[in-house]
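Residue numbering begins at 1 within each chain, and the chains themselves are lettered A, B, C and D in the order written.
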Amino acid sequence: MQIERRLPRIAVQGLTGCAGELLVILENLGSVLPFVQVASFPFAQSKNDLSDIDIAFVEGSVSQKHDIDSIKEIRARSKWLVAVGNCAVHGCVQSSTCSRYKAKELVEAVYAKDSPIEALDAKPLSSYVNVDVELSGCPIDKNQFLAVLASLLKDHLPYIIDRPVCLECKMRENGCVLIEKNLPCLGPVTAAGCGALCPSFEAACYGCFGPCKDPQLNAMATVLSEKGYNLSDILVRLGTFGIPEQVLSNLDVKR
Amino acid sequence: MGSVYAPVRVSDQSFAFRSVRDEAEIAFEALRTILPPKKFFYPAKETILECDGDEVKEHIEVVEPFAVFGVHPCDLAGLNALDKIFLSTPQDSHYQRRRRAAFIIGLSCLPDKHCFCKAMKADAPGKGYDLFLTDLEDKYFVQVNNQEAFEFILSCKEFMHLASDQDNQGYKKFWNDRDSMFEHNFDSAQLPNLMDLGWDHPLWQELGERCLSCGNCTPVCPTCYCFDMTDVAMFNSEKVEAERQRVWDSCQFSGFAAVAGGENFRPGPVDRLKFWYRHKLHGFEDPIEIPSCVGCGRCTVSCPSGIDDLPGVIRILAGRPQLNLEGEIA
Amino acid sequence: MSNDKEETTKHIIEIPEITRVEGHSAIHVEIKNGEVQNVMLDVFEGTRFFEKIVVGHKYDEIPHITSRVCAICSTGHVLASSFAIEKIFDIRCDEITNTFRKIMHLGMFIESHSTHIYALALPDFLGARDLLDFGSKFKTEFADWTLLRNLGTAIQSIIGGRPFHPVNLHVGGLSHIPAKDKLEALLAELKMAKPVALKTCELLLKFNPPVERTTKPLFMALIPEDGAYGFFGNKVRSSNGFESDIQNYKEYLAEQAVNYSHAKRSTGQGSALFVGAMARLNLFGNLLQGDASAIYKSSPMAQGDNNSIWNNLAQSIEIVHAIDESIILIEKILARYLEAKSLNASHVRVQAGTATGAVECPRGTLYHHYELDTAGTILVADMVTPSAQNSWRIEMDIKEAVMQSSDIHSEQLQNNLETLVRAYDPCNTCATHMVSISYLEV
Amino acid sequence: MSCNALKCDTTPYMVHKAIIRSITNLALDNVLFEVAVSDETILSQCKPGQFFQIYVPGAGEAPISISALSRKDCIEFCVRRVGRVTSALFQLQEGDWIGLRGPFGNGFPVDEMKGSNIIMVAGGLGVAPLRSLWQYLIDNRKDFKDISLVYGMKHSEDILFRNEFRQLILRHDIEVFVAAENINGPAVPSIEFQIGRVTDLLDLAHFDQSYKAALCGPPIMYRFVVDALRKRGLCEQNIYLSLERQMKCGIGRCGHCFIGGHFACKEGPVFSVAKLNFMKEVVECKGASYAD
């Protein structure tokens, strides 16, 4: 008797985000289709079935009650849960703002006083559920995505680089924009993965892959303030793509 | 025919070895490139093994013969150091394969304020080149190091003439003059001792607080060779395969000395920075029994925080009139 | 909900989320005694508060932050915010920089339109269940999409650094001038894609509207700045003859927050607006050149057919335009390549002020408005997205379609509604995302 | 072109394929892999305390100590699941293959230990490499004098090699002590747990300055145990400990295992305390320190 081998079932779901990761995955679906069955991908197909998922990729931050329900459901139904993109891993730009303002204040400012819209502080997935793999990036790098999927298909945890952008910047031999142009490059505290994209375009890294492992924020703020940047501006800049406000407010910058 | 690599300008202040097709592309004025020529032999990322399901095989890169033009004495010394590491037993076939394919053309240079190869005894073209050119303004004085290089010279005889006495004099004058141009001069023989004695110097704390742990200093160093090995799974047309890759690592990254169980033997930038300085100034009981710095000054110019001023650190460790570190950095 | 028990039978019909649109939203149709009372487009994408997110950030960060409103039209957000800030600083970019920006913007149109047409809208017409089904049954069309989309991403990657969320576009200019050989390679790719774009138009010309349109929409779009068909400008015009400077956008686009949705909605001088490809063609189609012009003239749109389903065709015509225009612009740059200059941040004169910038995005006009202090920090920000402008019009279309229908519970109607809504290419990530329908029978 | 030889060496990173013969659960997340090695020379080189790089294709390599040689052609590895490679290893089944490189490093100096009294102190997973040592000592019992084995762990249910310990306890030519900080889980028949840490056990054990000691356990254990041994008069030359470091190559290249200028993979992982005393960084890095 021939038993048909079941292809691993993947799901690609979005919470609150810009659909960037959905787009990256959609555009690279062609090369992985022979290996997986796309069980759910509301962005790309009409019939979706979120049962018995092997690998779920989830984009977006948790920003409303509806998101909490979705992420809990996805978690319960999948073996591997992969947070994709800065929103899902760090909360991205919306979470940095939520730490500067109260959610209610935001609703009132953007919508109307007494608006019935219920907003939560934007949080990464890991604030609500256990996440197996976090792949950051805004947007994620397609090669990293493919490597993560390939590893998970072998049931292995993927290797994801957690070193600073500077390493990739050196590998590409860019002139350092922090040194040569005094631009506020956040490469030293930002996770690699993009291939040092901004410095390769002669611009300052603005941190879109989120913090690298153990970022030296004090030293970063010190270096930038020596270059003439205002300390409070530096802190706002550092916080944009995922360094939590609590961490920044506890910095002890000499100067 | 393989490629020719030579320094080209990549930004206002920086140069890099890139493939060139025309003399006009070459930046003859380049003093130091961002990455040293080690990148040709020990690339930032390379595949070591290939594994498809049941078979594991060595990834054998077919390396076309290539030439590197414009390698300065410190970089030749750096290559010699790497040779000692990678060509000691067991030999690293990946390095070896590339090393054998290369034709290295050295070029003389004049030091700037960051150069201290003289102090590190890496200022003269020693070995490791095929041809070495000394710039005598209107001509080059060519040193030939082996049979292959000699055959090359014979193949372009029409551009060459035998060195005259005057040329020999010119050569000596060039290197003598150059010798007097170095700002930094200290006795490198004392460095291991200085490093040991200065192990608890307050300087480390001061430097560590400014250190970004960005790892810029290690890839640029001609003698840094630490690496990580990772397996990368990938798709091919029918199945998921894996590659074992070797990538440059840096002792400045926080995970470098972490082990399972949450222990990290060098948890902070102070520990890590000191570790790096120890390697550079003291050396290891590894195949290079010399301090593993050739005085190229790359780490100094590529540190965004301005703390890798090796000569400055050495002076402080040596207890010379205390330099204002801030001043040095600015 | 009504408690008028006598005349009503109460039941709610749930229809699964409308998929294949960029985002999450729902449509509620309220029916009382067989009459449609209310149609509510509920965007349930989480709120992201971009107007507040940018406050406190420096001007140079704004394009990169606002790009995150929406991946698909990120280039549009980058440019709209840069235009607004450049107005405040009184910066005028040189012609080559502007040309690069135009090409980049056209790249976004090619990518966005082709993805919408092929991946989101076409499966309906061809009778494919979804994209994956479409991919296996309609291999040629799938390959055409891949080709066009790759072209769009190549343009944006070469000029902007990556397919979306560009890193090379800044207030004041480009930080890096793309290499000449890459631009030359693009030219070749563009020329190759042209026939595919023409084929796409032919394909879409064949599809007939699933439902009739009864009311005439009010179109609005930016008046192209240099007299040729284009997407940048400082004034708008609408199909009723209204014209205004974009700086008065608050007056002519009354924006309201509605209590059933996370997306705000805009009205055009008090009535429902229609923005996007069809609006642009309707207003400025006569400015098109070459093939794009010819196709437009032969289309039902030129004959006055206003059915929103033709928005798909309108997008395909814009792809043809974008390809022709990009070729011209790249050739122009290559001819003067050595004059190209990258941004020197120290030349940006920071000053306080208020201004509005706008661009035509694939889905319609996008407005960014800022107030800066003397240090270049954002004090106040406002953004009006195309989706917010179209939402009322979408609700009206649905109402019309439901009223025309003999059986409001038929699967046919459901499908038609999805098709109709999708034709607007609603991208709710910008205001928000898109769609599930539930009927609420009161 | 410094060399004209035509042939290049083969890569030192080539793995030797070995088949998993058996998999035995020892405790939660701790498994014993018995691996069949066809190459005689590899087997004949193995010494107690050495390690192999174990390769799981697609996941990577991890250094794992030889826990024993068995059935003539097998090596046993006791592995704890902690991360990428070890988790991947746990997915494998009997009959699957893994890659091996090694044996690497210097193990315990059994030749120097000959003719002496020996005390072995294991903490937690540290029992894995020491097992290869005590098996060696027992196989060559006549070459050694008195032998003590002290094994401590956090939770009694985590005890590894419980059957083997039962047998060791029954032997009369080796003194065995087992301690746990907490007693939990079902009782482990015929093994009597002391409550406390290994250092508490040292007070019970009979040994004096004539002993040579072999230690393996977490860094924190070293600090206390070495102190206790010193107090009992053991000479630093005679205290050997096995250090854990990140190791990517095993052949003194990757730089991860540098301690005080030495490659732990080549010169270690077993060092005498006397040698470590002269290695600046070991003392400096608090985590690794046994003497603060």
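Following the convention adopted for this analysis, contacts are C-beta pairs under 8 Å (C-beta built on N, C-alpha and C of every residue); 3 or more make two chains touch, one makes a residue touch a chain.
Bear in mind the structure is a predicted one, so any value in this text is a computation, not a measurement.
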Central chain (by mean CA position) = A
Have a look at A-D versus B-D and report the one with more C-beta pairs in contact.
-> B-D
Quick one: chain A and chain B, Cα centre-to-centre, how many Å?
-> 35
CA centroids of chain A and chain D: separation to the nearest Å works out as 40
Averaging C-alpha coordinates per chain, one finds the centres of chain B and chain C separated by a number of Å equal to 51
Set of chain B residues in contact with two or more other chains | 230-231, 233, 240, 242
Of all residues in chain C, which are in touch with two or more distinct other chains?
-> none
For chain D, which residues are shared contacts with two or more other chains?
-> 56, 58-60, 83
Name the touching chain pairs, please: which are they?
-> A-B, A-C, A-D, B-D
Any idea which chain B residues touch chain A in the complex?
-> 10-14, 16, 33-35, 44-45, 209-216, 219-220, 230-235, 237-238, 240, 242, 248, 250, 253-255, 269, 301-302, 304-305
Within their complex, chain A touches chain D through residues 150-151, 154-157, 159
Counting only contacts in the complex, chain C reaches chain A at residues 16-17, 19-20, 22-24, 44-53, 56-58, 61, 64-65, 68-72, 74, 115, 119, 129-133, 135, 146, 149, 153, 161-165, 167-168, 170, 175-176, 257, 259, 262, 264, 342, 345, 375, 377, 427, 429, 433
Hey, which residues of chain D end up touching chain B in the complex?
-> 1-5, 8-15, 17, 55-61, 80, 82-83, 97, 99, 218-219, 244-246, 248-249, 251-256, 258-259, 261-263, 267, 280-281, 284-285, 287-288
In the complex, go through chain B and note every residue touching chain D.
-> 48-49, 51, 54, 56, 58, 65, 85-86, 90-94, 96-97, 99-103, 128, 130, 146, 148-149, 196, 199, 225-231, 233, 240-242, 244, 246, 249, 251, 256-261, 263-267, 271, 274-275, 278-279, 282-286
